[in-house]
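Just below is one structure, and these are the notes that go with it.
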Amino acid sequence: MRRAWIVVWKDVLSERRSKESLNALVFFSILLLFVFQFALGPERARVEAALPGLLWLGFILSGLLAFGRTFLVERENDCWEGLVLTPGDKSAIYVGKLAGNVLLMAVVEAVLLVLFAVFFGLDFTGVLPGLSLVLALGTLGLASVGTLFGAITAQMRARELLLPVLLLPAVVPILLGSVSATQTVLLGQPLAEAAAWLKLLAAADVVYLVVGLLTFEFVLEG
Amino acid sequence: MAARVLGWLAALALVAGLVAAFGYAPREAVQGNVQRIMYLHVPAVLTAYLAFGLVFLGSLGYLLTRRPGWDRLALAAAEPGVLFTGITIASGSIWGKPTWGTWWTWDARLTSTAVLFLVYVGYLLLRGMVDEPDRRARAAAVVGILGAANIPIVHFSVKWWRALHQPATILGPESSPIATPIALALFTNWIAFTLLFAYLLAKRMQIARLEDMHAG
Amino acid sequence: MRERAASPAFDLMVQAEHLRKTYGPTPVLDGVSLELGAGQGLTLLGPNGTGKTTLLRILATLLRPTSGSLRIAGADALKEPEAVRGAIDMVGHGSWVYEDLSAMENLRFWSIMGGHDAAQTRLHTALEEVELDTVADQRARTFSAGMKRRLALARVLLGRARLLLLDEPFTGLDRAGRKWLGEFLMSFKARGGALIVATHSFDAGVGVADRVAILAGGRIVLDRPAAELGPDDLRRLYDELAMGPETAS
Amino acid sequence: MPDNWSYVFSAYGLAAVVLLGYWRRLAGRAKSLAARGARRAA
């Protein structure tokens, strides 16, 4: 637990100083907003109808960038070796990296929501509690698989290509569940309407998390 | 040697399967002869699931023992598994054209099979990108395990997602109570496909073992 | 684990037998056997590309040999690498330094990862020892390669490693730096640590060694006590054994 | 309902082509490996 914490501390500190990922991700989100706008045209109704899908498309695309970078910092100065030689349970490193990714995604998601609210004149305040729950469940699932696959592809040639190819089909359930649940929430329906989806998301999160925890040591070995 | 025997058995069973599908099974009343695609479609998808189950087993075995044989099992099962999912999707699509009037609908079974197809194509792509055997085996095993654990999740998510938009599928055996001859023909073809898969698996593992030996 | 280490049976820190590593059909290591006791230093000489780094990485449990056996600190390093990792430290080509953390923060991170005491005073003492205390709060990005290597050695000080593996530790250091590193390694040995230094420049590497081994063509072609070898003998043997077949092939 | 034999045959044909293609590739690889093994033994 202490190890997981120090990994988060290290990554957050590095990120706060370099701001490499965060700056790029926020800028990327703004770009996405423009792309969505141009692709859908100016009609507000169309944006609103497609909103749950657009939001998650934005999250997943930014997530792909974030997950792909997670372990790149460990390649500098061979820090990766140090992590492998760390005695004890390697899943602490996975937990730390996962927490870092969830944090990063949370910031990006908040930025995207604000941008959507401002540029498309939407008001999320009323649905915020429900929306946060859906976002939390969906993000945890995405990041669980993303962190694991990011570690696998970090050591490979063509990693920019391989990560989406592996990740996107694997997280189809998360995408389906999150978009459907987000839709329910945004329509102002009670959260119970989406209970089945929330349960599916939670189950998927647990499965992905357990697989990640158990297999990470084999991935780390490089 | 065992592979050769399996090969002949598979060939025989496939002939029997074709006879059962085209000679023995009757013309279906509602759909007509186009329903005979079912004898290809359903055994293919069942075999694909069997294959991915074996990928899971091989992956798990490799991570636990680090014996290359387990990795060869995973590889040898994944390749035909992808082929069989491909056949499932193609035959489903061809079946769909005269039935629904369109090549592709986002039918639950077709969609989840397509997702699996993509997952395991990614698995094979990953394998192609790592040269070092142990590293390749470990990376592939992790993806293979997650892929298998994901199968039920994909299945349910796609099913519920479709349920929001349209009623259940007409493809597949659960659509209507099946008459005995149809069930028998399905069974014969299922046996035949399983034998064919076993043959391909044995052959592919044999090749992989030879390749490993040559690589040192 | 650590209690057992005190017993004399575990004085043998490294026991490697017939280590082979092949990439495809070509062997990088072709049957390397090696023994090293606690408190002993071994310098591993060999031209670049003869498998020194590969051997070190195998000894560090970062790489699995294709065949052979390896015991480190009495435990089977191939079957249970986790058991020996606490006893090993390594300063390889990379220094394991995070560029955006300060010297102090880097030490803190690795101490906690290694399960050691990360008290501020302890970290500071280690930095003093490697003469980095004046830049303790500066970001590692501003450090020279030599400073990063010293930071890595401070990390070694904080750990409880009983086997230290160094890959070309003398490159990029000036005369004073080499002298300082030599003293550092001697004191590590004096505390009972075992040491393996891989290098291609034997002027620098031999000083700390009790034994000198030459690796060529994936095999150890010479393994002798350093005291038996004068500098001229060594140079002659090295040219003969290591450079000869390399230039011929 | 029309019989649509062409669809049936194209589905089975496609499957046959795919499986046969894979089988032939495997056979080819096995052959070249056997040849390499024989050369090495010689």
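Which chain is which? They are A, B, C and D, in the order written, and residues in each are numbered from 1.
One rule holds in what follows: a residue touches a chain if its C-beta (ideal position, glycine included) is under 8 Å from a C-beta of that chain, and two chains touch if they have at least 3 such contacts.
Being a predicted model, the structure only gives us computed values, none of them experimental.
Nearest to the common centre of all protein CA atoms is the CA centroid of chain A. Counting C-beta pairs in contact across B-C and across B-D gives the higher total for B-D. Remark: subunit A and subunit C have CA centroids separated by 39 Å (rounded to whole angstrom). Centre-to-centre separation between subunit B and subunit C, using Cα means, comes to 50 Å. A separation of 16 Å divides the Cα centre of subunit B from that of subunit D. Shared interface positions of subunit A, defined as residues touching 2 or more other chains, are 222.
Across the whole structure, chains are in contact as follows: A-B, A-C, B-C, B-D.
On the subunit C side of its complex with subunit A, the touching residues are 60-62, 82, 85-86, 88-90, 92-101, 105, 108-110, 112-115, 139, 148. Contacts from subunit B toward subunit C in the complex involve residues 132, 134, 214-216. Interface residues of subunit B facing subunit D in the complex, by the touch rule stated above, are 18, 27, 30-34, 36-37, 40-41, 44, 79-80, 83, 86-87, 90-91, 94-95, 97-98, 196, 200, 203-204, 206-207, 210-211, 214. Touching subunit A in their complex are the following residues of subunit B: 63, 115, 118-119, 121-123, 125-126, 129-130, 135, 138-139, 141-143, 145-147, 149-150, 153-154, 156-158, 160-161, 164. On subunit C, the positions that touch subunit B within their shared complex are 22-27, 64, 66.
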